[in-house]
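Can you read through this structure? Questions will come right after.
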Amino acid sequence: MSGRGAVRRRVLVRRLRNFWSLYSSSRLGVFGLAVILFYTALAALAPLLAPYDPDEFVGRPLDSPSWEHPLGTDQMGRDLLSRLIVGTRVSLVVGLAASAMAVVIGSVIGLVSGYFGGILDTVLMRITDIFIQLPTLPLMLIFVAILGKGIFNIVLVIAILGWTATARMVRSQTLSLKERPFVEAARAVGAGDLQILAVHIAPNVVPLIFANATISVVNAILSESFLSFLGFGDPRMPSWGMLLYYARMAGATVNGFWWFIVPPGVAIMMLALGFACMNYSLDQILNPRLRKR
Amino acid sequence: MGDEVLRVEDLAVYYETMKGTVRAVDGVSFSVRRGEIVGLAGESGSGKTTTAMAIIRLLPENGRIVRGRILLGDLDVASLPEEEMRRVRWNRVSMVFQGAMNALNPVLRVGEQIGEVLVEKKGLSKREAWERVKELFRLVGIDPSRAWDYPHEFSGGMRQRAMIAMAIALNPDLVIADEPVTALDVVVQSRILDLLRDLRDKLGISVLMITHDLSVIAETCDRTAIMYAGKIVEYGDTEVVFARSLHPYTRALIAAFPSITGERRNFEPIRGDPPNMLEVPPGCPFHPRCPSRFEPCDRREPELVEAEPGHWVACHLTGGG
Amino acid sequence: MREYVLRRAASSLVTFLLIIVLNFFIFRIMPGDPARAVVGDVRMKPEIREILVRKFGLDKPIWVQFLYYLDRLAHGDLGYSFQYPGTPVTDLILGRRMVNTFLLMGTSIIISLVIGMALGVVAAWKRGSKLDVGILTFSLVTYSIPTFWMGIMIILLLGFYGKLIPLGGTVTPGVASEGPVQYWLDYLHHMIGPTITLVLSFLGYYFLIMRNTLLDVFTEDYMLTARAKGLRDRTILFKHAMRNALLPMISVIALEVIYLFSGATATETVFSWHGLGLLVYESVLRSDLPVLQGLFIFIAISVLVANLLADITYALVDPRIRYG
């Protein structure tokens, strides 16, 4: 048994090394990874890097950028650079949490639907179809109206409406894996459904789930920023979207407070772009339809 | 010879892949005379399709003709600029693709797909082209009224007939048929092959027949070249190659196709796998699978020599090299 | 062909029924008093409350309430708005706001489709060229920009600094009295900003789909035939490749209607464009549940209809189905 474990580990290491050599040759992929690592570091070190306490009134209200406040201040005189840096945490964590939740829901539904088939598959896929056909943003708003404001509800709403693509993809992959010889062999030696799903199918779907998760993060980040921008977030946990909410309250657009508007948007865009680039190159490597080109 | 429509001389085509250079075709020479059907046979990966694609100059992006000449009459197409090559295609050399392929455009009417070459390359009016399409349909044995149909309304055999009609539409000097009957059922296969022979007799077309199926070769080809690992290993009149094969690979191939002679000999698949084209064995590329290999085979590569008039072979047994 | 369309229509009908059921129960899982959910403000006069409770069957079991709901729906009764007291939800949704949203969505979809597809063709034909990589990067970037922020930036740049477009709204108040020509010019002027925003955020998507579909088509066997025939590039691209690539585009456009509703919601809230997206936002702010319920059904039906239309168009265009 330990011998087989060692072989498996060696195969895994070789596969990972192979994957890395492909991934690192993609410029977009390396760029995306660098951006994501940068933001992760920023989020981890946020309290150390922020020049001021983000919640303290440390300057005059609505000051344009200066040496003291490189990104200016908001309507309450809080330092915008500090708020931007600390906001990284909320935006990143909410984006990752929401997409993780969505991907887990989608993967479970996809695996179950694809593996067991039959009436269960029909019902689950019909539900998936409905969810795919519903426009996300207006629906998120409606759900927020029903569930109430708050960061946890935002995560929940994004997850509830964001799992469909993963479910579809995992299902079709499971369908094709189910027919492979090694699954039939496992069944022949008496492995149960759960064991086959966990040992033989799930590990083979993981790479594609991972690729899918990256684009799901992009959607989660963008959705979160919009919901927070509309004021449905938690004022005690200001994300970048929430900064833009305050900007809107201050009439930043019609008064030309550009320093209030531009940095949070660029921050959101760059983080989303990082994940989008990562997704693009993962897709090139892992998607069998694109690979042969 | 003056009546040669195609003469390939020392052709070499390499592919650049992530894992290294693949010498898919390496020093191949043969010819096709007017009104002749010449077979190019071998296992998949032997370089026969690459040879065909090099002649019509549609190699994949990573493929390159590195050496040799491809003479269509007096014109060497190996080095022809793309724009001139475009004019040569179909006018002088046309192609019938694999029957299993989706070679007809699914959203265009079959007649339209044949007619468009007449309009675009011959300058016919739409009306004239349509008349000619009907005539071609009659020639290949399809009811001309079906010209208005879409490909999915045709059976596999009819699609292949339509492909042949398309290939002869401009009276080209040479028709390349790449596995034209693969994936068709046996009865349809022999009808399509009959049609090709008929057309050769009636119109004097010349055909280069690419196939892995020796029974197809036996049934249609005047002369045959057997390819292995990018090289021609035996070449001559089909009857001679089959009756007095000299190369062990040819003999093994024939043994693997009992249907040719109809006898119930105990047929035997060839041992071993086709060579990995990234690491072709040194010496004679066939030596690891060869039942009669001996001392020089894994060191020296045999040259193609004329064993008897018009019968060439590359094997140390026959004294090549 | 007929069978295909009927089958698709039947499938849409099932989805529609499920959406109606979903609509009822989603609004029932809300925390708190279901009477408050449907009737609204708890400070409402008891006698009115009594009338409403009877009308919705709130004192009856949930499945009876569901029948009441179906009955009202069958009569086209979606209730009355809370934020505009006395206005039926149907009037609110199916009136001017719907026109505003559809005009904005229609204009944006056409412009972004034309530009996106043209760029996609060019990029696919010159795959790997500087141009291809450039447009590819551009579309990745626009994909990553939140639509609402793109709108804010456009207001800031074109409206505040450039003084080229109004800062928001659908028309300038009082312009209607200056005559219909003035009115529509003013309307179009207000539409520029939201349209640019939507076009920019959808352009990249159309481009990518067109490019990748074409690249897919290029690998098909019949494309090799077309090249072997020595046809002109133009014939190969527009006759052989485009006709096959346009088929999947039809489905993409239908699916895109879904995202367009999302985009419109973001754009309308930023530009104060008086459409359905803004109505969603306002209704959420004011807990106007009847309107939200009505919008849910309306949007779901619009998407269904768009998809059904796409399927029928597809069947009309694809010979394999038309004569299948």
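The chains carry the letters A, B and C, assigned in the order they are written, with residues numbered from 1 in each.
Just so it is clear, a contact is a pair of C-beta atoms (placed from the backbone, for glycine too) under 8 Å apart; a residue touches a chain by one contact, two chains touch by 3 or more.
Being a predicted model, the structure only gives us computed values, none of them experimental.
Trainee: Averaging each chain's C-alpha atoms to get its centre, pick out the one most distant from chain C.
Mentor: Chain centre farthest from chain C's centre: B.
Trainee: Once every inter-chain C-beta contact is counted, which two chains account for the most?
Mentor: A-C
Trainee: Taking the mean of the CA coordinates per chain, how far is chain B from chain C in Å?
Mentor: 54
Trainee: Taking the mean of the CA coordinates per chain, how far is chain A from chain C in Å?
Mentor: Computed value for the inter-centroid distance: 24 Å.
Trainee: Quick check: in the complex, which residue numbers of chain C touch chain B?
Mentor: Residue list for chain C touching chain B: 220-222, 224-232, 235, 239-240, 243-244, 247, 318-320, 323-324.
Trainee: Could you please specify the touching residues of chain A with respect to chain C in the complex?
Mentor: Residues in contact with chain C: 28, 126-127, 129-130, 132-139, 141-148, 218, 222, 225-226, 229-230, 241, 244, 248, 253-254, 256, 258, 261-262, 264-265, 268-270, 272-273, 276-277, 280, 289, 292-293.
Trainee: Could you list, by residue number, the parts of chain C that touch chain A in their complex?
Mentor: 14-15, 18-19, 22, 26-27, 29-31, 140-141, 143-149, 152-153, 155-156, 159-161, 167, 215-216, 219, 258-263, 265-266, 269, 276-277, 280-281, 283-284, 287, 289, 292, 295-296, 299-300, 303-304, 307
Trainee: Which part of chain B faces chain C closely enough to touch in the complex?
Mentor: Listed in rising order, the residues are 56, 58, 85-91, 94-95, 97, 101-108, 116-117, 120-121, 150, 152-153, 166.
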